[in-house]
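Common to both upcoming complexes is subunit A, partnered first by subunit B, then by subunit C.
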Partner chain A sequence: MNVLLMGHPNVGKSVFFNRLTGANVTESNYPGTTVDFTKGWMKIDGEDAELVDVPGTFSLDPKDKAEEVAVAMLHENKDAKVICVIDASKIERGVYLALEILEEGYPMVIALNMWDAAVDKNILVDVNNLQRILGVPVVPTVAISGEGIRELTSKLKEAKPVEINDIIKNAGCLT
Partner chain B sequence: MEKKLSEMKYEEEGIVTDIEETLRKKVAGMGIRVGKRLKMITKQPVKGPVVVAVDEAITSLGLDVAEKIIVEMKS
Partner chain C sequence: MKLTVDQRWDLIDKIAKQTVTFGEYKHTLKDAIGELTVKPLTGIPIAIAVMYAFWSVFGSFAGTLFTDGFMVKLFDGRFLPWIQDIFPGAGGWLYYIIVGNPLADNSFEAFGMLTSGLFVAIGIVLPAIFIFYLMLALLEDIGYMPRLAVLIDTVLHRIGLHGYAIVPTILSLGCNVPGVAATRILETRKQRFIMMTLLAIFIPCGAQIGIMEKVIPDTMGWVLLYLIGGYFLFGYILNKIIPGRSPEFLIDVPPYRKPMISNLRKKVWVRIAGFFKVALPFVLLGCGIVNVLYLTGFIDWIGNVLSPVFVSWFGVPEATVGPLIAAFLRKDLAVAQLSVIEMTPYQMITSVVLVSIYFPCVATFAMMIKEGAKELLGALAVLFAVVFLYGGLIHLIGILLGVA
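Coming up: the complex of A and B.
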């Protein structure tokens, strides 16, 4: 299995990568730390899976070199599963990227990372509702302390492609 | 009153009413779309970028981009 870690710059993708593979790539609190990709191996239910730490990107419409790498990585790995890492306090733009990736038919799990920081800002995300609308597993995580990581990996095998029209239909129920 | 995003002053807030067609997709990834509330955080000198808050996210935009976003000011 091939797994891509994708998300905006500075949401914690590299921290996830180090947690999941035991590697030690550079992490920092600045966007744009990862400009090239790193590969590593992890176990999912005893099975080897290749994990790729993709540079952060705001959309699939690349605006710089690092974003070009990110989009190319995605398109070169058509059979990959995607872990989409979203900053829990910046849901809207995170979901925008997630939708773009889902639209291309990739199976996905979503990590709502920095959940603790969002709680500190009084931001609470309705995880069950988001999961229902998007039709993919959504897991609150705190990558630096390891919270939610085990649940996230266990949900990887449930990840399956979803139809954008289904998402639109599900979202419509809210209004 | 409406003005360009690039003309907003520090701390001013407003709601996006129009974005130039060609830019819509580009800024959507940063959470900026018609109907969104923005707050001006910083304007860098010498035609530098503007920094705005969209919900909880802080985003910087080139001046050329900011000139093409129209905002209805909060009175």
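Coming up: the complex of A and C.
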């Protein structure tokens, strides 16, 4: 199995990667650090899966070279599953990227990362409702301390492609 | 099914309304500090203080404590006499290449692969880049770098770049190789070209800075001044003549965070390991190759050929040609070689500036090829023009000041 770790720059993807594979990647508190992508192996239910730390990207419409790499990597791995890492205190932007990836038919799990920082800012996300609307597993995580990581990997096998029409219906839109 | 951008945002709006609740937001101490370091009035003095602290710690720990206090004693007092004694065939060519001058009483003036080469790499450069990367990792992980980017944005726009350019610039102060890789965070080809060219020419790496502190502490300020001046002067010119766009920059300033020790350790280790893999072989090999070039008379020959340019146009002694050739392999080594050549302080400034700007080291060169051969050719063209013009300009300034 192929798993791509995607998300905005600076949401903690590389920390996730370290947690999941125990490899040598470093995360900086500024975007643009992971420019050469990194691969590693992780176990899911005793099965080896290849995990790729994709450079941070804001959308699938690339605006610099690092983002081009990210988009190309997604398109080269048509049968991959995606872990989409989203900043829990700014989910709108993260969901934008998640929707774009879902529209292309990739199965996905969403990590609402930096959950602790969101709680500090008094921002609360209704995880169950978000999960219901999007139709994909959503897990609150704190990558730095490791919270939620195990739950995230266990949900990976439930990831499946969703229809955008269903999301629209679930969100209660008429269009 | 694909949505349009507007449809997508509409949908997200609906989703967010149903799932996110905002409580009352309290202004925390962290926010207050965050604002103070980003507003120009308070931010610029703070940035200067941070840079000064960085510099002081770098100088005192790397230079005074590790190099002078420990490494010099170890290498000059123990290692050099030992290897001079134990290596067979003093005076022969192999001895000359590996150990160098049998009468040298310090590791600088021996110039063998295992004497000067090893001393420069382990004794001077290693402590310098260790301290540098440790402090950089600290600034990165706390979250200070994006704030620095915001502060310096306006200035960098003048040279066709924007605030983010501070990231490759500062990384290059450690080693130009990761600096070149980091140019990828800039959006347009124009910006990447300007950044890469300026890095390769004007940003001295940690190795060079470390060695300048050691061998020419009195004149190093001038060298750095000329390099910073050149960075902005030629950045300004490149921005005017290179076609293309330099977009505005939008940045997401992350909150200040407590750095994780394990992450710091890992980051410094990865970078130091990179140094051992990339730089150390070049230092030793460079030392050996330069010795061979001296032995075969090649350096004397090219020195003769180029001496009119060096002596009359740049105003530096003929003997500096050798170190300049060595500089292609390792610039730190070249600075060490220059330091033992007889010349006036101003000639020293000129020749060290020339070493810095004249050609990227092999490792950086390889990295630039990887980033784009066309860009590299362009950068080299700029480089030759810059070396010629700027070298002459520095000489001219020296003449006008009456010191050259």
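In the analysis below, the second predicted complex is superposed on the first by the 172 of 175 C-alpha atoms of A that agree within 3 Å, B and C clash if a C-alpha of one lies under 4 Å from a C-alpha of the other, contacts with A are read in each partner's own complex, and residues count from 1 in each chain.
In this section, a residue touches a chain if its C-beta (ideal position, glycine included) is under 8 Å from a C-beta of that chain, and two chains touch if they have at least 3 such contacts.
Since the structure is predicted, the reported quantities are computational estimates derived from the model, not experimental observations.
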Mind working out whether A:97 is in touch with subunit B, subunit C, both or neither, as first, second, both or neither? first
Of the two partner chains, subunit B (first) and subunit C (second), which one does A:72 touch, if any: first, second, both, or neither? neither
Mind telling me which of the two, subunit B or subunit C, contacts the most residues of subunit A? C
Considering only touches as defined above, state whether A:10 meets subunit B (first), subunit C (second), both or neither. second
Considering only the touch criterion stated at the top, classify A:129 as touching first (subunit B), second (subunit C), both, or neither. second
If we overlay the two complexes on their shared chain A, which of subunit B and subunit C does A:63 touch? Say first, second, both or neither. both
Return first, second, both or neither, reflecting whether A:121 touches subunit B, subunit C, both chains, or no partner chain. both
Could you say whether A:171 touches subunit B, subunit C, both of them, or neither, answering first, second, both or neither? second
So subunit A touches subunit B in one structure and subunit C in the other; where do those two contact lists coincide? 63, 92, 96, 121, 123
Contact footprint of subunit A on subunit B as seen in their complex: 25-26, 28-31, 54-57
Which stretch or stretches of subunit A touch subunit B in the complex? 58-59, 61, 63, 87, 89-90, 92-93, 96-97, 121, 123
Under the stated contact criterion, what part of subunit C meets subunit A in this complex? 1-3, 7-16, 18-26, 28, 140-143, 145-146, 149, 164, 167, 181-182, 184-187, 192, 252, 254-255, 257, 260, 263, 266-267, 270
Of all residues in subunit A, those that touch subunit C in their complex: 8-10, 15, 24, 26-32, 35-36, 63-66, 91-92, 95-96, 99-100, 103, 117, 120-126, 129-130, 133-134, 144, 163-165, 167-168, 171-173, 175
